[in-house]
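Chain IDs A, B, C and D follow the sequence of writing; residue 1 opens each chain.
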Amino acid sequence: MTSSTPGQRAGRFDMHPDGTASHGSRVLGSILLIAVAIFLIVALVASPPDGAGADAMGDMVRIMYVHVPVAIACYTAFMVTAFASAMYLWKRTEGWDCLAAASVEVGIVFTVLTLATGSIWGHTAWGTWWEWDPRLTSTALMFVMYLGYLALRRAVVDPQSRAKQAAVLGLISFINVPIVHYSVDWWRSLHQTATIGRLDPTIDGLKLFALLFGMVLALLLYAWLMLHRFRLQWVETQVEAKGLDTALAERRAEAVADGGVR
Amino acid sequence: MTNTTLRSVISDARLVAGKDLRLEWRSRVTLNQLLPFALLVLVLFAFALDPDRSVLKDATPGLFWLAVLFSTLLAIQRAFAVETVDGIIDALRISGLDPAGIFLGKAAGIALHLLVVEAALLVGVTVMYGASPSGLLLVVATSIAATAGLAAAGAVYGVLAAGLRVRDTLLPILWLPVVAPLLIGATQAFGSAYEKSSGAGWRWCGLLGAFAVLYTAIGFVAFEPLLEES
Amino acid sequence: MIAVLNAMVLAASDWSYVAGAYIIVVGVLATYSAAVIIRGRKVGKQLPAKDRRWSSE
Amino acid sequence: MDPVVRFRAAVCLLGRFPALAGVDLDVNAGEIVLLQGPNGAGKTTLLRACAGLVKVAQGEASVLGVNLVDDPKAVRPLVGLLGHATGLYDDLSVSENIRFWTRAGGASLTDADNAMARLGLDGRLASVPVARLSAGQRRRSALAVLLARRPRLWLLDEPHAALDQAGRDLVDSLMVDAVNAGATVLFASHELDRAQEVADRSVHVVGGTTQPSGNVGHTSEAVEVD
């Protein structure tokens, strides 16, 4: 599927000449599209509702099949950021900085989804849109922390300073995640009342399959999004840096324009 | 070798902290601005909640530490505002001071300012909210541990934001989520201290101490690269 | 806003929660993917194809 | 003997702007070298690069045997930089500032006192907060800090600016004393008449590059006025 000559095979299977797509991302994307369709059928139609015991969840259990996977994807994303930040501080190559930055943005999208599905899930369990559940609360704090990371990136102009400061922040933020989580956990466990309890349904058979399928799918979706987002970040960095040769020439030209002095 | 390094770090820290205290003595920013601000926050809480003392009294631990948190933000901003004018950051980089020493010195300076604020707030909640602690030792220990953590994290995030044009708005969003565990721990520990059951309180106090140690370690490592780029 | 949500919720069954959750997840991911790809095309124009290693197969 | 400052095709970036776009520079031990050139030519960046405050992105650069490309921080304890900013705390007095920065650099308080005396800051001025000083007095205080630190390479950015006649004479004699004590001086100035008298030679900086240097007298036709 070469698309070197636009128009020859113009169609929706052609890659955009300027885009971030590659052959690999195309293949992965197509597989994912089919997989998502299958997943939706498994999760919403094929799998049975949770129906055993007094606190059975009924159809609500289906929210689990997306909530848990997106939560795993968001933690994975921030783990990748921490790793890439450490690698940047070691190697000082812009690729690691791009990876860290891209992963934070994708991670934030998954965090929003985690919070949204968690809140919807919670509404049936607790009757309110927000309850001070440890996992939800610490995820919300994590969300703000990584928004701060992006805000810092936007605030620093110099590319090298930005990369270094962001890398340090990316590492520290990741250390903070478990601290925040456990402190909120202990805080809630002191106040835990009977009405607030996490409903952990027993999951097996097709339900377990739907959950595992969702997890694999979420991680693959993360990988596919990262392919595009990383390339976008890379292109942005290159466009920033591209000016250097021109800028050097322009700067030296000042000397020539001024060169009559010698 | 490491021993002499540590000694030079500590002597640099004392130099920087001494300079900060002298600056405070000359400018009186904490005395004239930070203390009134903290007490003002206590009054505002009363307006917001209820003039009825029982509500305020029950909420004293949380309100106390919220007031401390807001005051700390101002203290951090002040601590790094004096370092970012007129080429002082360059002078610090070139000075020969160990960055870890600068970190410790700045954190110690912030911590001392905070302890003064906390002492005033303690009097404030006793007089205005009618809350007097039963476990005074726990109150003192909690204040010291939490202050160390707030100051250490504050110095790390303070220098991170120091050189930026948006530092005043960026610092709260970066720093407040990080010290949320401190707010929880200190409030819980104070809760026990004010209600005579200080068993769980000491555990929270230990958590605060662990946080302080962790952030001091982070500061030792992270301050140098951050000072270079701010 | 919350009142509207609550009213909707009262009238609906479990399935509306489930549908809501799935619509949000699929919708947000699709929108974000599209946004990233469109941004990539826009920014990519400023860079010659040889600097985008993935574009030449 | 290796030169104290050695730059070869050195490029320094400020953000994305190449403030230095290929500098060649040699300064030998014991020289007083004047950097001249129009505003925005890169003189300040060149001095800051020598102090290890600006990274050298391309080319070669070493100062006092320290490779600035690999480890710019290592040069900092060896040099003294007087920039446009003075690096003084407004709320502290002159002597408190000088003593703080002197001790920070590991020098003794006697050095601080001697430096203050040399710059005429030991009298009434010593206890005045820096915020109340005039621009010239601030500069004298910053010079005292530099003197007390006993750097091996003096980097002075417009040292004559804001100073009165006596102050300018003092700067010149400080430079000569520094060189007599074994140090090297690199300074930028627009006051060429005065600067060329004290300098051994001058280097022309334009558009982030250096023009080949000559003796001061021979480049006098290159004098520019801004």
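Here is the rule we go by: a contact is a pair of C-beta atoms (placed from the backbone, for glycine too) under 8 Å apart; a residue touches a chain by one contact, two chains touch by 3 or more.
Everything numeric here is computed off the predicted structure, so don't read it as measured data.
Undergrad: If we define chain centres by averaging CA atoms, which chain lands farthest from chain D? Would you check?
TA: If we average the C-alpha coordinates per chain, C ends up farthest from chain D.
Undergrad: Round to the nearest whole Å and give the separation of the Cα centres of chain C and chain D.
TA: 56
Undergrad: In whole angstrom, what separates the CA-based centres of chain A and chain D?
TA: Measuring from centre to centre gives 49 Å for this pair.
Undergrad: Distance between chain A and chain B based on Cα centroids, please, to the nearest Å.
TA: The computed centroid separation for chain A versus chain B comes out at 33 Å.
Undergrad: Measure off the straight-line distance from the CA centroid of chain B to the CA centroid of chain C, and report it in whole Å.
TA: 41
Undergrad: What are the residues of chain A that contact at least two other chains?
TA: 158, 160, in rising order.
Undergrad: Where in chain D do residues touch two or more of the other chains?
TA: Not one residue of chain D touches more than one other chain, so the list is empty.
Undergrad: Send over the residues of chain B in touch with two or more other chains.
TA: In chain B, no residue touches at least two other chains, as defined above.
Undergrad: Pairs of chains that touch, anyone?
TA: Inter-chain contacts occur between A-B, A-C, A-D, B-D.
Undergrad: Flag every residue of chain D that touches chain A in the complex, lowest number first.
TA: Residues 11, 13-19, 21-22, 38, 41, 55, 204, 206-209, 211-212, 221-222, 224.
Undergrad: Which residues of chain D touch chain B in their complex?
TA: Residues 48, 51-53, 76-77, 79, 81, 83-93, 96, 100-101, 103-106, 129 of chain D touch chain B in their complex.
Undergrad: Name, in rising order, each residue of chain A that touches chain C in their complex.
TA: 2, 15-25, 36, 40, 43-44, 58-60, 62-63, 66-67, 70, 106, 109, 112-113, 116-117, 120-121, 123-124, 129, 221, 225, 228-229, 231-232, 235-236, 238-239, 242
Undergrad: Where on chain B does chain D make contact in their complex?
TA: 12, 15, 19, 22-23, 26-27, 82, 85-88, 90-91, 93-97
Undergrad: Show me the residue ranges of chain B that touch chain A in the complex, using the header's touch definition.
TA: Touch residues, chain B against chain A: 156, 160-161, 164-166, 170, 173-174, 177-178, 180-181, 184-185, 188, 200, 207, 211, 214, 218, 222, 225-226, 228-230.
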